[in-house]
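Some structures are shown below for you to check.
Each of the two complexes below includes subunit A, the first together with subunit B, the second together with subunit C.
Here is the complex of A and B:
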């Protein structure tokens, strides 16, 4: 055990020395170590996407795209095709995919290992550093797997694991703009579409948005609608994917193009499906379809599918059940989540990468639609690289030549010493940028209407009481009733007791609301501000004859509390029966009838009166809290009135 | 025995007979539809019934050319057994860990709801749709499309 440990330490020292030697600037004769150093500068970049693996050495210019699947064909049994072995397969109909990714994250580890085995066999990593990509917020579980397989299985000496958008960002800032440019990267891939903002040179995690719409969903959707409308192609994922790539395009004006598709034949394309004997790949047949062609081959007539399928990215609601916002809206939302001072720069640097951006017209559409969501003073530029699929590998290649690259890698002996947690910490710096101070609430533009509404000015004379007969019942409250004042509002509590009905009378039907005339005030209490209010106690009971129905057919009696004199305005009702009403509009108040059932009543706040519904009086107590304005006089008179 | 002739509108009677799917079933159908859109394959594994002999897969032969220490050689099943977690489990674990570290997780990144009303397309012809099928809630755009839908798909995917 000890010996082992020492051995490892020795190897580490040796390694360090080697590194030191290779780092040392040297002049003069090129020795053997310089060739070693040269070799070290080569690196293998592997962008592990959901659909394809993009791989290339940093020294040469080639980037190879391999399918990230194991495929099984119907025709060739007892054999399956890993990655680009599929080129050997003659009959591609009914191809069965074994995909390592589930929702963009590796979940079938055995499949992934087979594909990687094949890939590394083709592209041996030897001793050079390896850059591998992983999805944003890759799960720890998968990261452990990747560590184990790379360090222990493939004997990788130095590993750098990163998000593909990081590499894209690096490539963009080194080739196009200066350091620390803020930008926003739209990575629309096979499994999902990520929108990743980079603020001041770092990924801004709070602004990342993921749309669950990717190339797989689009292909499957196209498969679904074509199978329903024309020909059963549900099993032909491979062919329909090619069809999608060949015919679909992003409409600049979707509604207009749909109308064109409906009325004319401008958009229709005839796609000849491959039969894998005479035609190996489907193609678009220009011009009329003659009978001979129609007899010999299967032809799909693609009309509005050409535009409506890519349109799903912009309007996900085309697919029923998806409620997410469209791409342009998400870009705008992501920008809006970022600190204000970087937003202009971000709108100026929108980068589109990933396979879906290859739809013709994609860039123009994103440009026009995002423009609508951004503030008008923002300048906006959209950049789409020539090869959006391979762009991140290009970034990885140039990143491997960065002087900082070495320090960011994890070496094999480090992994062996510290384990997987070390690499996890090293590769997942969750960048946090200092938060902006909370925004001051912007003052809304002055509106007279709102102002008057707040002041309670009745400009439309809606609430003016036209008839104002002398009050019949008055509760005039006295200073003695003042019990307590917390400086805010007045509390008045009424207590009612129901009179016993005469025995001779037939009891009223149960649903009929209790009559106010049957109520007697037995106690009143008022809590009034410690103000120069002079109140006198003088209470009378409502007479039944004074009650008149407000609406004749329904015969609902609605008692009104009214201040007197009228220029005392009730500006706000604090609570009625303990329920807090809204400041305007009808009030919803729970009332207890008989102390058991709770029904909803509504009261109305007028300019200087409170209308309280009839059924409120079924309760024993009625507590009314309101905030009055004393404008004239010093009496507050509360009138109970129909 | 007199023949009982029911009276009244035939249309109304037929409407009564028409089954209307309740909300939860509709939602289940939608979810199933979305799951199918995420699926890799529609059909079953064509090789499922085959018994693979060990030497047949071609990639194994390729791998032998690689020079690697023998003790490190692990077959692919090793990883599937060691890292046995489904996507849902990984999401759950990630969320727990993210909560502990106070960072964003997979669930937080999901795009928000749209600010605009949804754009509906006819399930039959693909153009803009204004109507829904009463029975199953699928969008259609005109009577002709509705008839096609009614004869082919309506109430027919349900199990």
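Here is the complex of A and C:
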């Protein structure tokens, strides 16, 4: 009795309290009254990888790895081998794979369905919640089909679809570090390698990087070079994959190892290929190869291939046609994309998961090479779990015991009610952290010229103009405001009011102009004559945000800016981003960056619109200064430089 | 008790509990979209300027020059044969390289992706 009671009490606390309780050993023996709770807390975790399915129940400790393929062998032509049925097959030479995944994304659902059918027969989900993984930025189309299959065909009651890196992250923070640790997860799998930064407990989408290099590419590359150098093995994906796993390793110093590979060395290994009669799996033959062995079996002599194949991860340019940066560079790049204050912590928490990390020496190599790309003041630690392939399933298991887990799932009746858009929204919550504004003055390299300019030292005997630091003020003028016209210019008058009156009121000093950022325009007047007027001095400054781009700035189109009242005519462009276009001929916009004048292309001037070249649009704060003709009685948006 | 009540509430009254969707065919045959199609449809959608999706998380190109390896042995290759454009590491390799017929050299070049005349 007492045991049961305590068991129940535990379950209640388990729901109320935070994470660490979920890992506490349960008091009391599971009696009949606690059976309901037991059922609830069990969940099926399915990590649906491109090469293998990793599956396990949250209750027990086993994680099963099944091949995610349908295979056809040459010896038994009529039979299909689904997942681990391949163990029944005796002759594995020339094994043909039917893969549901294409570049890591499920594209052949008919194949995938068969494999899943087989898997769920072995591991029935019953009424438990199912956690299933998908690649990062999985396409909506694929997600919809996954929903359909799980809810409608497998009749799953509760589903949680997530990225495997999320589960990895969860496992890491619960077992190793505290909550909200920022870290970076390198998931190097069969189809690709993802580098995913987690900032403050959430995925930071801006920093995610995908390298199109995975175990499949490495195996194919090994197949290629072996076929040309020694033996035709293009058909033997299965065998070569085993060869790769058995012999390849990540060199710590690639150049040095390559030099040793030139001469006689320890790197050379003789790999005995399986013939599927006497040898079922290939193995590394230590020592000299005698003539008897050479006669009876096929032997591959693996030399520099052992290191040059995993090296592709670090230098993808080894394979022609791939122009991506290496893994270490990508890690550093990804860290650099994240907000500054989290970077140190991220460098301190680099997690390696996925099949490729099983290469011996992988962790050490990533450590040394990433170190080179990171700032020297960053402390750096790389963590590789004992079983990097199964780590995400472990994470899924512990996540299913999280008190928050229930609320994050989608139930079947919810899916039926709201459809797949609902699930899509629920499972794809990417939260981005706001980047703090970059500090300009402190990080800029010190220059005496700038320093003197600031001080007012007149080294060139010129009057150095001090830049006006006051920001632009934007306001809208309406036709009724127009009252006065002095013959030549449009005059704009406005009054200021304190935006947030400070507690202690200090009247502004009489000589200095008021701080405009603190002020709000409350009254505005504009004087425009009844007849059209050419504004020939005090040209109006209009910011890019005030103009409406009528086409989305894509590669194909160039952005067009149109004045808001369509009858406001632009006669002449005075400047774009502070640079003056040439007056004669087409409107060439020069860029004055770096002291050189470079033509950035020509802007086209229409009646009431300016077409800006694409490359000018790169910067967001485009300032366009032009001379307009004002028409009568319209709302005009003007930004006036104060 | 509580959870059951909320379930009942969330179910609209007009829905019959014994309703079975007649539109759902038992064995439907579907043509799945290939990955290329999926990517191209995704690209053509009108995304906001700074939206992040599949194509925008590609790894950046490397700043380091590609290293050169011998086509025959895979060792670092400082030399290139001007006739066949094959790379080789030492003189022994060069002597074997001279004996190779045209189709084999072409195959080596194709393996390296350097078979085009332009490149």
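Note that in this section the second predicted complex is superposed on the first by the 404 of 642 C-alpha atoms of A that agree within 3 Å, B and C clash if a C-alpha of one lies under 4 Å from a C-alpha of the other, contacts with A are read in each partner's own complex, and residues count from 1 in each chain.
In the analysis below, contacts are C-beta pairs under 8 Å (C-beta built on N, C-alpha and C of every residue); 3 or more make two chains touch, one makes a residue touch a chain.
Only a predicted model underlies this, so the values are computations on that prediction, with no experimental measurement involved.
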Fit or clash for subunit B plus subunit C once both are placed on subunit A? clash
Looking at A:209, would you say it contacts subunit B, subunit C, both, or neither? Reply first, second, both or neither. both
May I ask you to decide whether A:305 touches subunit B, subunit C, both, or neither, giving the answer as first, second, both or neither? both
Could you say whether A:402 touches subunit B, subunit C, both of them, or neither, answering first, second, both or neither? neither
With both complexes overlaid on chain A, does A:245 touch subunit B (first), subunit C (second), both or neither? neither
Counting only touches as set out at the top, which of subunit B and subunit C does A:105 meet: first, second, both, neither? both
Using the superposition on chain A described above, determine whether A:97 touches subunit B (first), subunit C (second), both, or neither. first
Quick one: is A:225 in contact with subunit B, with subunit C, with both, or with neither? Answer first, second, both or neither. both
Contacts of A:450 with subunit B and subunit C, given as first, second, both or neither: neither
For A:413, using the defined touch cut-off, is the partner it touches subunit B, subunit C, both, or neither? Pick first, second, both or neither. second
Which partner reaches more residues of subunit A (counting touched residues only), subunit B or subunit C: B
Which segment, 2-10, 20-28 or 56-64, is the subunit B region that clashes with subunit C in the superposed model? 20-28
Quick check on my understanding: which residues of subunit A belong to both its subunit B contact set and its subunit C contact set? 102-103, 105, 107-110, 136-137, 139-142, 145, 152, 205-206, 208-212, 224-225, 228-229, 255, 258, 261-262, 303-305, 308, 315-318, 320-321, 323-326, 329-330, 333, 430
Residues of subunit A defined as touching subunit C within the complex: 102-103, 105, 107-110, 136-137, 139-142, 145, 152, 205-206, 208-212, 224-225, 228-229, 255, 258-259, 261-262, 303-305, 308, 315-318, 320-321, 323-326, 329-330, 333, 413, 417, 430, 552-553
Which of the residues in subunit C come into contact with subunit A in the complex? 7, 10-11, 24, 30, 32-35, 38-39, 41-42, 46, 49, 52-54, 57-67, 69, 72-76, 89-90, 107-108, 111-114
Which bits of subunit B are touching subunit A when the two form their complex? 30-31, 33-34, 36-43, 45-47, 50, 52, 56-59, 62-63, 65-66, 68, 72, 74, 76-77, 79-80, 82-83, 85-87, 90-91, 93-94, 97, 101, 103-106, 109-116, 118-121, 123-128, 138-139, 152-153
In the complex, the residues of subunit A that touch subunit B are 72-74, 77-80, 82, 85, 94, 96-99, 102-103, 105, 107-114, 117-118, 121, 136-137, 139-142, 144-145, 148-149, 152-153, 155, 194, 205-206, 208-212, 216-217, 220-221, 223-225, 228-229, 234-235, 237, 255, 258, 261-262, 303-305, 308, 315-326, 329-330, 333, 430
